[in-house]
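These notes open a run of structures that come right after.
Below, chain A partners chain B and then partners chain C, in two separate complexes.
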Partner chain A sequence: MWRILKNELIFLLRNRVIKAITAGFIILLLLTIYLGSLQTETQSETYKAAKSHLREQWESLDAVNPHSAAHYGTYVFKPANLLSSLDEGVRGTTGNVLRVEGHVQNEIAHSEASQMQFVSKFGKLKSSLILQFIIPLLLIFLAFRSISAEKESGRLKFLLLQGASKSNILWAKLLSVWLFGLLLLFLTVALYVLINFNSINTDTFKRLSLFFTSYSVYYFIISRLTVFFSAIWQNATTALTTMLGIWILWSIFLPNIMMSTIEKLYELPSRDEFQSAMKEDRSEGINGHDPKDARAKALKEKILSEYNIDSLSALPINFDGIVMQADEEYGNMVWDKHFGAIRDITTKQKRAYQLAAIINPFISLQNTSMGFAANDNYHHQAFLLQAEHYRRDLIKTLNDEHAYGGSKTGNWDWQADNDFYSSIPDFTYRPLKFNEVFFRYRLDLIILMCWVILTCLFVTLSSNKMKIA
Partner chain B sequence: MIQLSNVTKQYKSGTALKGLTLQIDQGQIYALLGSNGAGKTTTINLLLGFLNPTSGEVTLDGLSPFKDRKAISKRVAYIPENVSLYPYLTGVENLDYFCSLAGIKKSKQALKEILTKCGLQSGAHTQKVAGYSKGMRQKVGIAIAYAKEAKVLLLDEPASGLDPAASNELTMLLKQLAKEGATILMASHDLFRVREISDRIGILKKGELVRELKAETVSANELEKVYLDYMQA
Partner chain C sequence: MRSIFLYEWNHLKHSSFKWISIILFLFAALYGLHNGKNLYEEQSAEIERIEAKNQQERVDNLASFSKDSDGGRLSQPYLAIWFSHIYHYKKPSPALVYSIGQAEQFGYYKRVNIRASPYDEDMTNEIANPERLQVGMLDFTFVVLFLLPIVLLILVYDIKSIEVERGYLPLIRIQVGSLFSWILGRTLFYYVLLILLIIALLIYGAVLTDVLISDSMAFWNMLFYSFLYLSFWTLLYLVILYFGKSVMGNTLSMISIWIVFVFIIPAAVHQYIGIRKPVNLMTGMIDVRDMKNDLYELEDSILRKQLFVLFPELKSSVTAKTDDQSFISKNLDYYAISNELMKNSLAPIKAESNEKNEMISSTYWFNPLTYFSNKLNRISETHYQDYEIYRNEIQLLVDKHIKRTILDTWNKVKVDQHQYEKYTIELSKIK
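On to the complex of A and B.
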C-alpha cells in the first residue's frame, strides 16, 4: 500500500494544475488566518480601550446617589476569543456589548453584521468557510476519478496483476487525498500558532488539537466516500455527481432543513411574546418607584415590625434601598424564569441538532469547530449569564449602599463617595474551561467517529463490489 | 500451462463463451482470432482471474485464476491493446513502480537494461511517459512482464495501432520471450501478424472455437480465406 501511496503523492507533487490550486489555497488560507488574527487583535484592542475608558468613567464618578449610579450603569464586553480567526461562529451576529443597569436586563448589541453592511449582505471570507466548504469540495474533485480513472485506463488490471490488492489500492487512494486535505489544514493551524504563539496556553492548545481532529475526521469521511463512489460506479462522472449531491445536501440543504424542523419542534417565543410575558410577570412584583404599590407597603410593614417601630422616619436605614433591591430580586426571578425557559428550549434544540449529525456529519463538524473555537451559542450564553451575575452583584452593592450606607428613607440627595464606586470590581469574563466544552461536544465527536467506522465499512464493501472486467 | 475445459461464460446480456476447450503448452504462442464480441477478451479475463466461468474449468499452471488470484498474479503478465502507464512518471519510474508492486527490486541500471532489451531507446528511459508513442508504451508493458519473469503472457490486440516497424519489433520480442519459455496467448484481428508470430491459431465465433490451425501449415492467403469464410458463414 505504501508504494501505491507514494506514487499517488508523486502524482500530486508533479501535477501542475494541482500545484497551482494548492498554492492558491495556501495563499488564501494564510491570508484569511492572518487577516482574521489581525481583526481579532484590533477588536481586542478596541474593546480593551472601550472597557478601560468606561472603567475610568466609573471610577471617576462624582459623589452621587447609588440609585442614580444604578441607572447610570455601565457596559460589559464579550472579549474577542483567540480562536476567532479560525472560526468566528455565531460571534458575527450575536453582538458583543451589553449595557448593565438597574431594573432591566438589556439585550446584547453591537454585532459585526449590524455594523458592516457587506458582512450582513455577503457574509465574510473566513477560514471556517474555506475549511468547511471549499476544502471538502477540493478533496471531492481530487478523489472522484481516483479509482474510475484506473478502471477506465485499464491500469487497475495492471496493478492487480502486479500483486496489489483491491483494498490496498483503495486505502492508498484515500490516504493520498486525505493527506492533501490534512496538509492544508495543518498549514492553517500552524500559521495560526505562529501568529499567536505567545498567547497560546494549554487550554487553547487542547481546543486547537480537537479543532484539528474534527476537521481531520471530516476530511477522512469525505475522501473515503468519494473513493467509495469512484470504485463502485462505472464512470467518474457518476461518482462526481453523487459526491457533489452529497456535498450540497450535507453542507447547504440539510443543516437549514434540520434547524428549521428542530425550531418548529422546540419553538422559541417571539421577542414580543417574551417581552410581554416578562412585563406581565414583572407587574406582579414590587415596583420600587411606586410608593403606593401594595407589595411595597407589605414589605414596609415587615421591615417596621422587624425594627419594632411604626414609622419609616424612625428607621435607622434607608427603606428606599431595600425596596429597590426587593424590586430587583423579583425582576431577577422573573428573568430567571423566562430566560431559563428559553435556555431549556435552546438546550433541547442544540441536543436535537447534535443528534441530526447521525445523518449529516457536517453538523458535527460545524458544532465542534464553533465550540472549540469558543464562538458557539454555548459560550455566548455563558457570557450572558456571567454578565447578568455581574449586573446583579453590581445593583445589589449599589442598593445595599443606598439602604445601609448611612442615609435615611426618602433622602434621595444622599450621595455615596467616589471611593465606594472605585471599590466595586470591574466585570471580568471567565472563559469556559476546556473540559466543560469537551463534555458539551463529546456527542459530536462520537458521531464523527461512528461515521468513520461506517465509511470504513463502505470501503470494505466497495473493494468486494469493485468490478474489474 | 494454459487449460480451458468446456468453459462457458454467461452474462446477463448473453453468452460470451460456449464450451471453449483449449490447451496451450509452455513456450507456445497461441493466437485467438475473431471479430468484436467473439469472446477473445472474455477468455483473457477468465485467465486473468477477473471473471469466474459459468461452467467448465480454467487452469493456469495447474491453478485456478479466479480462486488463486495471488499465486496467479506472480505467474501472469497482461498486455492490453493500450498499455496505460502513469504519464507523470518516466519509463524507468513506471517499470520500477510496477516491479515494486510485484515485490521485485532492481537497480536503476538493471531496469534500464530491461527497457533496452524490450526495444525502448535509451534516450526515452528517463522521459516522462506522457510523451511516449503507443509503441513505446507497449514496450514498457512488455518490460514489466519481462522483469516479472512471467510464465504466461496474455495479450489483447497488442499490435493494434502500431506502425509496421513497431509491430515487427513486438513480434521479435514475443518470439524471444517464447523461446525463453514463456507461454503466450494473444487475441488479435491482425491475420498477417498472427500467422507470423504464433504456433497455433484459433478462430472464435460467437463464443465458440470454430477452427484451430497450425501456423506453419497455412499460408497468409489461406488463413484469410478460412477466417473470412467462418466470419461470413
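On to the complex of A and C.
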C-alpha cells in the first residue's frame, strides 16, 4: 500500500494542473490568514480605543452621588478575538456594545450586520470559508476519478496482478487525497501560528490542535466517500455529480434547514413578550425609587429593628443605598430566571443541532470550528454573563458606598470623590477555558469519529463490490 | 428549435439525476417560500398583538378621564403624551415571502416617546439564537441566488462535451449546421424550463401572502430580477459549453465560476470593508451622555434660550407672554436639547454606514451576487435602506412628540378625553 501511496503522491506532485491549483490555494489561504489577521488587528485597535475612551470618562467622573454614577453607568465592548482571523463564527451577527447601569440589564446592540447592507451570505474571506467549503470541493475533484480512471486505463488490473489488494489500492488513493488536504490545512494553521506567534498561549495552542483535528477528520470523511463512489460506480461523472450533490446538501442546504427547524421546535419568546414578563416579575420586587413601596417599607422596619432605633434619621447609615441594593438584587433574580430560560432554550437548540450531525458531519465541523475559534454562541453567552456579573459588582460597590460611605438617609447631595470611582476596576473579559469548550464539543468530535468508522466500513464494502473493469 | 427542445426533453426524461436535482430545487424553493411566509405572519401577528395591548392601555387611560373630573395626572400634556402608548412599526411587506433579507437584523416595533432614539438597544434584532442568524434562514432568494446556478449547471454540464467525448460531434455538426445554434437551443430549453419553474414558484409565493393583490410591482420586479440573474448564469455557462471539450472540464469550470461569484468575491468584499471600516462601537453616540450631563450643569436661563432657538414659536406661547415659566420642568428643555445632541452625534455614524454601503455598491460590477441580493431585498423591503427609513421615521415621531409636549405645556393646554385621543392619532402619524 505504501508503494502505491508513494506513487500517488508523486503523481500529484508531477501533475502540472494540480501543481497550479495547489499554488493557487496556498496563495488564497495565505491571503485569508493575512487579511484575517489584519482585520482582527484593526478591530482590536478600535476596541482598545473605545475601551480606554470609556474608562477615561469613568475615571474623570467628578464628585457625584454614587447613585447618580449608577445611572451614568458605563459601556462594555465585545473584544476582538485572536482566533477570529480563522473563523469569525457568530461575531458578525451579535451586538458589540452593552450599556451597564443601575436598575436595568440592557441588551447588547450594534452588530456589524446592522451597520451596512448585505454583502456576503457566508461571511468574510476567512480561512474557515476556504477550509469548510472550498477545500472539500477540491478534494472531491482530486478523488472522483481516482479509481474509475484506473479502471478505464486498465491500470487497476495491472496493480492487482502485481499483488496489490483492492483494499490497499483504495486506502492508498484515499490517503493521497487526504494528505493533500492535510497539507493545505497544516499550511494554514502553521502560518497562523507564525503570524501570531507572540500571542499564542497553551490554551490557544490546544484550541488550534482541535481545530486542526476536526478539519482533518472531515477531510478524511469527504475523501473516503469520494473514493467510495469512484470505486462502486463505473462512470467518473456519476461519482463527481453524486459527491457534488452531497457537498451541496451538507454544506449549504441541510445546515440552513436543520437550524430553522430546530428553532421552531424550541421556540424563543419575542422581545416584547420577554420584556413584559420581566417587567411583571420585576414589579413584584422592591422599587428603589419609590419610598411608599410596601416592600421598601418592610425593609425599612427590618433595618430599624436591627439598629434598634425608630427613625431613619437616627440611622448611622444611608437607608437609600440599602433599598437600592435590595431593588438590584431582586432585579438580578428576575434576570437570572428569564435570561436563564433563554439560555436553556438556546442550549437545547444547540444540542439538537449537534445531534443533527448524525446525518450531516459538516454540522460538527462548523460547530467545532467556531467553538474552538471562541466565536460560537457559548462564548457570546459567556461574555454576556461576565458583563452582567461586572454590572452587579459595579452597582453593588456604588450602592454600598451610598449606604455605608458616610451619608445619611435622604441626603442625595452627598458625593463620593473621584478617587473612589477611579478605584473601581474596569471590565475585563476572560475567555472560556479550553476544558469547558472541549466539554461542550465532545459530542461533535464523537460524531465525527463515528463518521470516520462508518466511512472506513465503506472501504471494506467498496473493495468487495469494486469491479475491476 | 422545436426538434432540439424535443430532443432535450427526451434526454431529460431519462436522466434521473437531473430530475432529482429539479425536485430538490423545488423542495428548497417551497421551503424557502414558507419560511418567508411564516416570518411575514409572525411579524404581522406580533404587531397586531402589541397594538391590541396598546389600544387597551389607551382605552384604560381614556376611562380615567371620566373617573377623575380634572383628568388626574393625564391632564398635563407631558404625561398624557408619555402615556399615549404610541408604537411605530415597520410592517412587513407581503413580498417578505420571497426575501427575508436583513429582516432578522433589526427590530420592527418601537415605543416612541420624548426620550426615545432610533438607535436604542430595543432596535436590535428579535431574540434569536446567534448561530441560527449566522447560518441564516433559507428563503426563496437564497434558493434563486445560490441554488439556481447549481441546478442550471447540473442540467447543462454535459451539453456538447459528452458528444465530443463519444465522438458524435462531427455527425451532429453535419446534421444541425450551426453548432452554436444547437448548443444555444439545448441550453435555452433548460433556461425556459427554469423560467417556468420560477414563474410557478413566484405565483405560489404570491398566493401565500397575497402579493399580487397588495404589492403586484414587487411580484413583477422579483420576476424581472430572477430572469436577469438566470440569464447572467446561462450566458456564462453557454460560453463554457461552447468552448469546453470535456464533461469534467466543463463541470470544473462551471463550479469554479460559481465558487468565485458566490463565495470568494462577496467574502473578499466583506473582508475588505471589515478592514477599511471596522465595526462602529458607537463611541460618538455614547459621548452624548456626557454632553447631556453638561446640560444639567447649565443655568436654567441658558438652557431655556437654547430651547427658544429650537422652537421659536414658543415666544408667542401663553406662558412666554405671562412671564411665569417656573412651573415648566427643566426636564422638558433637557429632553428637547438632548434629542438634538443625539441627532448630531448620529449624523457621522449614519455617514459612515453610507460610506460602507457605497463601497459595497461600487463592487457591483464584478460582484453580481451582492448586487442581486440587495436588489431582491429592496423589493421585499428588507434592505438596510428600508430599516434606515424606518429609523428616520422614528426620529421624526420623536421630534413630533417633543414639539407637541413642549408647545402644549407652554400653552397651558389642559388635556381632556378629546385632546388625549387627538394626541394618539396625531403623534402616531409621520406627516
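One rule holds in what follows: the second predicted complex is superposed on the first by the 460 of 469 C-alpha atoms of A that agree within 3 Å, B and C clash if a C-alpha of one lies under 4 Å from a C-alpha of the other, contacts with A are read in each partner's own complex, and residues count from 1 in each chain.
The rule is short, and it goes like this: a contact is a pair of C-beta atoms (placed from the backbone, for glycine too) under 8 Å apart; a residue touches a chain by one contact, two chains touch by 3 or more.
Keep in mind the model is a prediction, meaning the values are calculated, not measured.
Once the complexes are laid over each other on chain A, chain B and chain C both fit without any clash. An angle of 100 degrees, to the nearest 10, separates chain B from chain C at the C-alpha centre of chain A in the overlay.
By the document's definition of touching, of the two partners only chain C reaches A:Gln57; chain B does not.
More chain A residues lie in contact with C than with the other chain of the pair chain B and chain C. In the superposition on chain A, contact of A:Asn7 is made with chain B only, not with chain C. Applying the stated contact rule after C-alpha superposition, one finds that A:Leu159 touches chain B and leaves chain C untouched. In the superposition on chain A, A:Thr94 makes contact with chain C only, while chain B stays out of contact range.
When both complexes are overlaid on chain A, the residue A:Asn256 reaches chain C alone and has no touch with chain B. Look at A:Leu240: by the touch rule set out above, it reaches chain C but stays clear of chain B. Our summary of the superposed model lists a minimum C-alpha distance of 16 Å between chain B and chain C. When the two complexes are laid over each other on chain A, chain A has no residue in contact with both chain B and chain C. On the chain B side of its complex with chain A, the touching residues are 41, 45, 48, 50-51, 69-70, 73-74, 76-78, 80, 82, 84-86, 88-89, 97-103, 144, 148. Against chain C, the residues of chain A that register as touching in their complex are 28, 32, 35-36, 38-39, 42-43, 45-47, 49-50, 53-54, 57, 72, 75, 77, 89-90, 92-97, 99, 106-126, 129, 133-134, 137, 141, 145, 236-238, 240-241, 244-245, 248-249, 252-253, 255-257, 259-260, 262-263, 268-272, 274-275, 342, 346, 349-350, 353, 370, 376-377, 380. Within the complex formed with chain B, the chain A residues making contact are 3-4, 7, 10-11, 14-15, 153-155, 157-164, 468-469. The touching residues of chain C, when paired with chain A in their complex, are 17, 20-21, 24, 28, 31, 35, 46, 49-50, 101-102, 105-107, 109, 119-138, 142, 146-147, 150, 154, 158, 247-248, 251-252, 255, 259, 263-264, 266-271, 273-275, 278-283, 286, 289-290, 293, 352-353, 356-357, 360-361, 370, 373-374, 377, 383-385, 387.
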